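Please go over the structures that come below.
There are two complexes below, and they share chain A, which is joined by chain B in the first and by chain C in the second.
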Partner chain A sequence: MAGSLIGAVRRWPGRGDEPRPGPAVVRLLLRVAAVLARRALLLAVLLAFVFAAVELLPGDAATATSERGESTADLAERRHLLHLDRPVPERFREWMTGLPTGDLGTSAHGEAVADLLARPFPNTLLLGGLALLVTLVASVALGCWAAAEPGGKVDRAVSASATGVLALPEFVVAVALMLVFALWTDWLPAVTLTEADGSPASWKMLVLPVLALAIPQIGWNVRIVRAALADESTAPHIETAVLDGLPRHRIFTHHLLPGALPTIAAGIATSTGMLLGGAVVVETIFNYPGIGSVLAGAVTDRDSPLVAGVVAVTGAVITGVLLLADLVRAWASGGRT
Partner chain B sequence: MNWNRRQVLWAGGGMGAAALLAACGGGDETSSKSPAKASEKPRPGGTLRVGALGRASAITRDPHGTQANESDYLIISLVYDTLTVPGARPNTLPRLAASWKASDDLRTWRFTLAKGAKFHDGTPVTAEDVVWSLKRLRDTPSGASRLPGIKPANIKAEGDDTVVLVSDYANAELPLLTRLTTFVLKKDTKDSDLGKAPGTGPFELDWFRAGNARLVRNKDWYGGDPLLDAIEIKIFESPQAMANALLAGQIDVASNVGAVAARTAEKRRDVQIVRRPDDMAMPIVMRTAEGPFADARVREALRLAVDREAMVKQVLSGYGTVANDILGTGDPAYAKDIPQRRRDLAKAKSLLKEADFDLSKTYRLLTTEDIAGLAEAATLFASQVREAGVKVEVVKQESATFWGKTWLKGDLYTTYWGTNDSVVFFASKTMVSDSGQNEAGWRNKEFDAAYEKAMATKDAAERAELLHEIQQFEYDESGYLLWGMADGIDLAAASVRDLPTLPGYGRVQLETAWLAR
Partner chain C sequence: MTVPTSTAHPVPPARRLPGRRRPAPRVLPALLLIALTLAGPWLVPHAIDVPVTAPYAEPGGDAPFGGDQLGRDVLSRVLAGGRELVVTSLLVAVLVTAVAAVLGAVSALRPAVGRIVERTADVLMLLPAVLGILLVTLSWPDGGRLAVVTAAVVLGVPYAVRLVAGAAAPVAASGYVEAAAVGGERLGHLVVREVLPNLRATLLALFGLRFVAAVYLVATAGFLQIGPQPPAADWALMIRENSAGILLNPWAVLAPGIAIGLLAMSVNLAAAALIPVTGRKAVPAL
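Here is the complex of A and B:
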């Protein structure tokens, strides 16, 4: 899908010598729309898969929310209340028809799914967004620093520690950070508590969760940035620029970095999914009121509407970020070749 | 109220570590610090920040709904009142119902409402409100098990302050059933208004957001003046995070946080460990109806093969007490005089031989990791009975599989119960022949007769004798091997006083708590 976009913007207006900008823009928009439609379809398939998968798990939402001592008749009533006595395709269709209006159904415990996600989802976006930003800034900075002198001390140190942390699971990082910065030194809060409006009570509460999420991703992305820059530096136009005697920083910012950008964007985009995945663990450890814990609990309760609700909103965000990355790549690579 | 199995999922998850710790350290000294010093005078004021377990996905605001979250239940039970509440002795105390009286046949019960009880908006509570609420509760899928034997039509008002419940059968302990779930709302409260429906409880809802809430003192509470200005309830998904929040001073109480946290906190002088005995039973169920354990001598042998002290020490990190195979250990009527079973491998072996028990076979003990310590208990049990020559293999099942396929059906499996202050509760729910949750498939006509007679006996002393008889039956023949009782464990900051020490849901009674700061 990324390839098709690149095709569309190979002659991006303003870059290169495109004589007829009008049709190209239209064509781009059409391609974007096509990609979006395909992604939306993919998301729908994914949601159908979620319903099917929850159905395949042993037990159902009625048994998961029942109390001991409920008779078979009580359970049947509970099933009926939760619409579980209807076939999965019908429940899925019903749920999907509510989706465009923002109605995400009702949880197994009788609360509106949209209400259950109303606070946690923005909280996770904040956490994930900050972690992504930190990842981007730190990995580009460190990667460039390392690439500035290939094989030098800095390069070796950065590359080695990047390899070290990218292998660390989030929960190890999270527990270590909490031990050192909260329980031993008391510099930062151990867990996140919320205000009356449902958001974290203090910005300090975000520091540790963001770091716990970002550190493994920084490790991953530093290596990508470093490798992309190394690849790019052997490109003929860079050699030409060097031979032309352009200043180093200018080569870096105007030639090297733009060339490496598509790879970097792809790496960061991949991290989006990883960040949201890691959020499940990190949110639990820091008691961060996000969507990760909602998802984990919803799966335990076989709560299809809630699981699907989480997948729908996160899927939409990941689709958006991937699309953005595609556009960046298309824009960056469109200028050359 | 029965414990929903989801309700205890967090009760100290990862207790495997604790079992390990205990096994390695071998230390079993556990300091039980008194929550209050006798010389201190209770002081009003302050805000108590309480952490309670819950999952954001399972939040419910309905007082009659499926409260899987301890945090939701805590909020609900501080805002709304039940007719009666758990106590130590007796185990049923008045709340919204100031008193109750039974007819001679013990089927018709009259509850008189507390004088001056009113909702947070100022309107007085009437019998109509109570009847409406009880009927609403009865009409939920859990209604039949929460109010057993009481048909909706048999819930009636008599005048303004009396509610009449008529049971299908004689039930000497009916008020016990109204302790935990009979929350009273205003008549005709709409489902859409549940989030802000006024209650009659010691605290009023200030705000609720995503499982967290702030409650403020109800100055007009008929039950007396609560001391705290406010209670803030924070929802925690994991006991570890909750313990960390307490250790870091972000909350004042970590409710039901478990033994692992207690062990961590033992070294901290600024943290109180509140132990609530008889909180959780984790018996091993041996099927009596058929199968290899149907012979009472085999069951007796296994009861003699288990090393109860070691189980308590290792599985519960010492936070518990040895038990005697009788369920309902917190009941004032619990038969303390029945001799404590001790380990006797020689006798166990001879009983197995007498019963011609096949020692060449390996028997499967099915368990789950639903609550902390359950699977560890199974593993330790297996290694202990090996010394009596019985080979047991522990099989861990995923929760839903266990409850769907093993529970009520298996030959040998672990179970757990969180309401342990009533002998009658277990007899009626799990041991009478036709009880819906007869976990061991136990059928004993004499036991049934003794139980029914006890339930139809009005005289307290006479009933106590019958209850003793029931317990002797359980001790001798039932399908339960109850090796010990786990304490409920809360952690509290040094300044917190008078926290409840009742087991199970008694822990929510925070209206008497106060802060010495």
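Here is the complex of A and C:
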């Protein structure tokens, strides 16, 4: 009994005495380096994949944006401007080496993609970051509430609502929220007004877009949190904690959640992609000044280099969040794999 | 104190959720809705491309949901506007499930293939599906619906393969598959005759989950105007076109919104009911 209790406490890193601190630190650093290298490699492969997709699919940026009556000479000139007349390996090298320095290529209209994204992208990051935070807090809180009484009324209600909302497209949630909270009750603004620097004028304008993004992801993550807690609650150290008569909230914060943390972190990190993808859609509904409006223009102009640039930046952001989740897992497993 | 389950028994048996053993009542709403959607274009009271009311007319008379931005009957357009979404999503779900079934079984039998699939899924996790579909459709301007389907399949397969490979691993390690392999059966025979027949329940559930994901993706593509083009009747496109007049006739936006919501929810309910209960793996993977 005592042995398993100590084992339970040791699961929470930072508690108890670390045996052999020197090698443990080295091991941790090595693990962090390996995780970093792996994530960087995956991102590089994604960027190569993006280049290949744009390259191999029929049609290029110059012909896609051509207007009627344009002469072949004009077309050739724009091709030259976009560097499309250069050999593929050279352009591939240019694309891959430009990205780390912040050069995201040239849009179909000859502007630097990085300049086009410089103002809207931070707004999208703000929206996505807030939605990620709301998702994290709400899904952990709801998941714990549901797990407090397995099979009870709350558990069933939370699980059923989560299953109901997780498959809803964000634009459907957004339109419903807008109708109820902006148009019928007039509590929150339906459109985003911007300051001179292009940022949203008031925090109120962020509420509805953040909710529209977060609600489906909360549904998704509540189920992950709930399942991770259920898995963890069958572990022997939880039994020990219950038999020792520890208060319930303490069992949650000190015994259940630490064990479930890696699964929860991985789930939330996976939501980042969905949030950033959904942001594109939600932004157009609320007229939010983010990459959504840039991409809407790209759809009309058939501007594939611009989309490739957005994919590259988004991939880098998601890589960062997944890296955090990796580190949480490495930290929570405390030396074990 | 009800945090952990009974402490008297060492390991509780697999948790059984109520209703999991009889999926029929949970699958029925989705089937009915899909049937209605497919039959919808034959049930329309008015032509979908001819104005019958004033623009954004309120519900009344022979237009129970009012008119849209050109005065076309909203009810007729809602009835007609789901078929393409459902057909495209079904096509995507069938293709993803079929490809994933074969690749997943091969991954379980040949670990080298499994590792490649794992890495591909890791890479595609960095590409939000919405952006991926934009990338493919814009790089392939003449692709039309084929481009949307291709993008949705490519983006969906790696996750689906992971799920199948996980379910196929215990089957691939079982004695009769090993016996068949030692007996000199080819890989194709092992996949089709030995492994996949044992994964019927998993594949059915996977099909449901992929259909949910496809509805999300195809509807979102429609909303971003890379799917059906005006004057076609399409739920997602209707929401976009009519949102300017949302105060004049909210039904022009609400009706297609509710239709997409009901479709997504009912199919998700059905898919959740189809997931085989396997004790530990309570987390489904889309």
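In the analysis below, the second predicted complex is superposed on the first by the 295 of 337 C-alpha atoms of A that agree within 3 Å, B and C clash if a C-alpha of one lies under 4 Å from a C-alpha of the other, contacts with A are read in each partner's own complex, and residues count from 1 in each chain.
Rule of thumb we're sticking to: a residue touches a chain if its C-beta (ideal position, glycine included) is under 8 Å from a C-beta of that chain, and two chains touch if they have at least 3 such contacts.
Please read all numbers here as calculations on a predicted model, not as lab measurements.
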Contacts of A:Ile285 with chain B and chain C, given as first, second, both or neither: both
Touching partner for A:Leu57 - first (chain B), second (chain C), both, neither: both
Contacts of A:Ala298 with chain B and chain C, given as first, second, both or neither: both
Chain B versus chain C as contact partner of A:Leu116, first or second or both or neither: first
Contacts of A:Leu183 with chain B and chain C, given as first, second, both or neither: both
More chain A residues in contact [chain B versus chain C]: C
Those residues of chain A which chain B touches in one complex and chain C touches in the other: 57-59, 64, 178, 183, 284-285, 295-296, 298, 302-303
Complex contacts: residues of chain C adjacent to chain A: 1-5, 7, 11-12, 15, 119, 122-132, 134-136, 138-143, 147, 212, 215-216, 219-220, 223-226, 236, 239, 243, 246-247, 250, 253-254, 257, 260-261, 264-265, 267-269, 272, 280, 282-284
Residue ranges of chain A in contact with chain C within the complex: 42-43, 45-46, 49-50, 53-54, 57-59, 64, 147-150, 152, 163-164, 166-172, 175-176, 178-179, 183, 223-224, 226-228, 230-231, 233-234, 238-239, 242-243, 248, 251-252, 256, 263, 267, 270, 273-274, 276-278, 280-281, 284-285, 295-296, 298-299, 302-304, 307-308, 310-311, 314-315, 318-319, 322
Residue ranges of chain B touching chain A (in the complex, touch as defined): 1-6, 9, 55-62, 65-66, 68, 141-146, 207, 209-212, 214, 234-238, 240-242, 244-245, 247-248, 250-251, 398-401, 403-404, 429, 436-437
List of chain A residues in touch with chain B within their complex: 57-59, 63-71, 74-75, 77-78, 81, 107-111, 116, 118-120, 178, 182-183, 186, 189-191, 193-194, 196-198, 283-287, 289, 293-298, 300-303, 306
